[in-house]
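One chain, subunit A, links the two complexes that follow: it is found with subunit B in the first and with subunit C in the second.
Take a look at the complex of A and B:
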C-alpha cells in the first residue's frame, strides 16, 4: 500500500519530493506580483462540522494576526462559502481524520492505514501551526481528496515565504524541524501568494 | 479534559527518579507548556533518571520533538539519564522515525522497563 513513501531515516535529504520540488520557496516573497490567484482548486471541501471546537487558543502568543477566538477571521479575497477556519491545530487534525476515515471506508470498508493517517496529521499540524506562529494567523484551511492524494491548503495572513532552516536532526539540535517534516511527508509543497497573504498547498500520497 | 489538551503529571521518587507522564496532544499551536518546565526541572534537580512516559501521548508534532530534544541535551549536560517510555502510538512513533531522531533518545517499551534498565 504505502510502498513508495518510505523515505525515512535518511538524514535531511532535500530532494525527496519526487518531481516538482517546488517546495523550497524563494527567500523573499514578492507580495505584489500580479497573478495572485492560486491555481489549485479549492472547491469541494470536506467541511465536517467542527463539533468539538474547544475554545483553546495558543496560550503564550499574542500574535496580532492570530485568528480571533470566535467566528471566522478575515479571509483573503477568496470565496465566501469557504469552510470555517479551524480554531486550533487539533480541530484541523480532526477535519483531516474525518475526511480520511470517510474516504477509506468508502473505498475499502476499513479505516485508513495508521501510518497514512499519522503522516497526514503531522503535516496538517505543522502547516496550521506555522500559519499561526509565523504566518500572521490561520485564515483558511481546506482538505480534500484528489486523484493524486490528500490535498491540504493552508492560508495565512502573511505574504512572507515560510522560513526554512533545514538542519541535520542528528547533530544540530533545535528548531526548524517542522518544514523538513512537511517536505519529507509530502509529494510536493507549494507556496502561492496573494494579496492578503499566502496559501501553502501540500499533497500527501495516500496509496 | 479533552484529548486535545496537554496534561503533564510529575512523580518523584525517593531514589532520584522523576517520572513525567504526558497525556493528550503536544503541538505547536497549543505549545509544550508544562512539559518543558517539568523536563527542565528534572534535569536541574540532578537525579539519576528521568522517565518521560509517552504512552498516553496521542499526538505530537515538531514542537514536541523540539522540546524532547532540548530536554535530552539538558539532561546530558546535567548528567541525568532521560528515557522515553512507550508504548508509543503510531503518530508519536512516526514523528521520531520521520525526523530521523530515534537515535537521539533512549527508549523503553514501558515505564517499568525504563525504571529497571
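Take a look at the complex of A and C:
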C-alpha cells in the first residue's frame, strides 16, 4: 500500500511539483463541473510509449490476424509491429500474467509473489474494464517491466478523464470502487490526452 | 454473422457459480474462477436471489482465482442486505478485501465449516 505518490488525486499533484498542463483541452469534455480537470501530463517517463492510437476504432474490430476480415482500412503501416489489443480484461490479465511470470522466472527462477501478481492483475482489470465500459473502447494496451516496476499503458477512445469519485465502502451504492483500488495499488497514475482519446499510465511496484 | 475469435482472445470460461444450496439453514454459494465485470452476472443473480430468503449467506470462495471491483461491489451490496460470510478466500479475494478496506466489515472464515458453525448474529443496524 502506498498513499504518498498518487499523482491523480483530486486533480492536483502535490508530490511531483508543477506539472505541465495539458496543452489541448479536450473539446468534448463536459464543462458543467467547475472542478479542475484531473489531467496530468508527464513528460519525464523514460519509456513512454509512442502515441500509437492511429485511427480511432472500436475494440472489437481490430484483428490484425485476418486482414480480409473487414478491419479498418486506415491501419498505420507499422501495425504489424504493435502488440495486439486484448479483447477484454481477461485477455489483458493474461498478458500481464505471462509478462510477470517470465520476468520473475528470469530473475529468481520462481514465479511472481502471489500478492504482487494479484495487485498487478487487479489494476490491469480495473483500467481495461474502465476503458471498455466507459472509455469508448480499448484501443491499446501495453505492459512492460521497467526499473521502477510494472508499467501499464491503457488507451481508450474517450478524451474524458476517468471517473475518480471515491465512495465510502460502508455507505456506497453499487459501483465506483475501481479507481480507488487503482490508486491504492499503484505508485502513480497519469492520464495523457491525445487526439481521439487518452492513455492511462500506471506504475505498479514489483517488490 | 460469426466473428472469428481474436488470436489473443480467451476461451469462454465456465460460469463463476459452481454450486449453490442450503446447508444448516444457510444459503451457500460456491464461486470459482475469475470474476470481473464480464463474468460476474451469474454470481450477482445467485446472491441476489439468496438475500431475500436467508439470514445468512455464505460465499465459498476457495476456487476464486481473481476478483475485481465488480465482485467487491456485489459483496458490499449483499452485506447490506443479509449476513454475508466469505469462506476460505484465497490470495486474490483476501487482498481485494484488504485493499478496499472492507476486510474489517465483511466477515471471512478460514473454512466453509467455520462459516457455517457460527450462529446467526443480530447485527446492529
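Following the convention adopted for this analysis, the second predicted complex is superposed on the first by the 126 of 207 C-alpha atoms of A that agree within 3 Å, B and C clash if a C-alpha of one lies under 4 Å from a C-alpha of the other, contacts with A are read in each partner's own complex, and residues count from 1 in each chain.
By our rule, contacts are C-beta pairs under 8 Å (C-beta built on N, C-alpha and C of every residue); 3 or more make two chains touch, one makes a residue touch a chain.
From a predicted model like this one, the values you see are computed outputs, not experimental measurements.
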item: Contacts of A:133 with subunit B and subunit C, given as first, second, both or neither; value: both
item: Partner chain in contact with A:115 - subunit B first, subunit C second, else both or neither; value: both
item: First (subunit B), second (subunit C), both or neither touched by A:125; value: both
item: First, second, both or neither for A:89, with subunit B first and subunit C second; value: both
item: Which superposed partner A:193 touches (first subunit B, second subunit C, both, neither); value: neither
item: First, second, both or neither for A:183, with subunit B first and subunit C second; value: neither
item: Intersection of subunit A interface sets (partners subunit B, subunit C); value: 60, 88-91, 93, 114-115, 118-119, 121-122, 125-126, 129, 133, 169-170, 174-175, 177-178, 180-181, 184-185
item: Residues of subunit A defined as touching subunit C within the complex; value: 1, 60, 63, 65-66, 69, 84, 86-91, 93-95, 114-115, 118-119, 121-122, 125-126, 129, 133, 169-170, 172, 174-178, 180-181, 184-185
item: Parts of subunit C lying in touch with subunit A, wherever the complex brings them together; value: 3-4, 6-10, 13, 34, 36-39, 66, 68-70, 72-74, 76-77, 91-92, 95-96, 99-102, 105
item: Residues of subunit A defined as touching subunit B within the complex; value: 8-12, 52, 54, 56, 58-61, 88-91, 93, 114-115, 117-119, 121-122, 125-126, 128-130, 132-133, 169-170, 173-175, 177-178, 180-181, 184-185
item: Parts of subunit B lying in touch with subunit A, wherever the complex brings them together; value: 2-5, 25, 27-31, 33, 59, 61-63, 65-66, 69-70, 73, 90-91, 93-95, 97-104
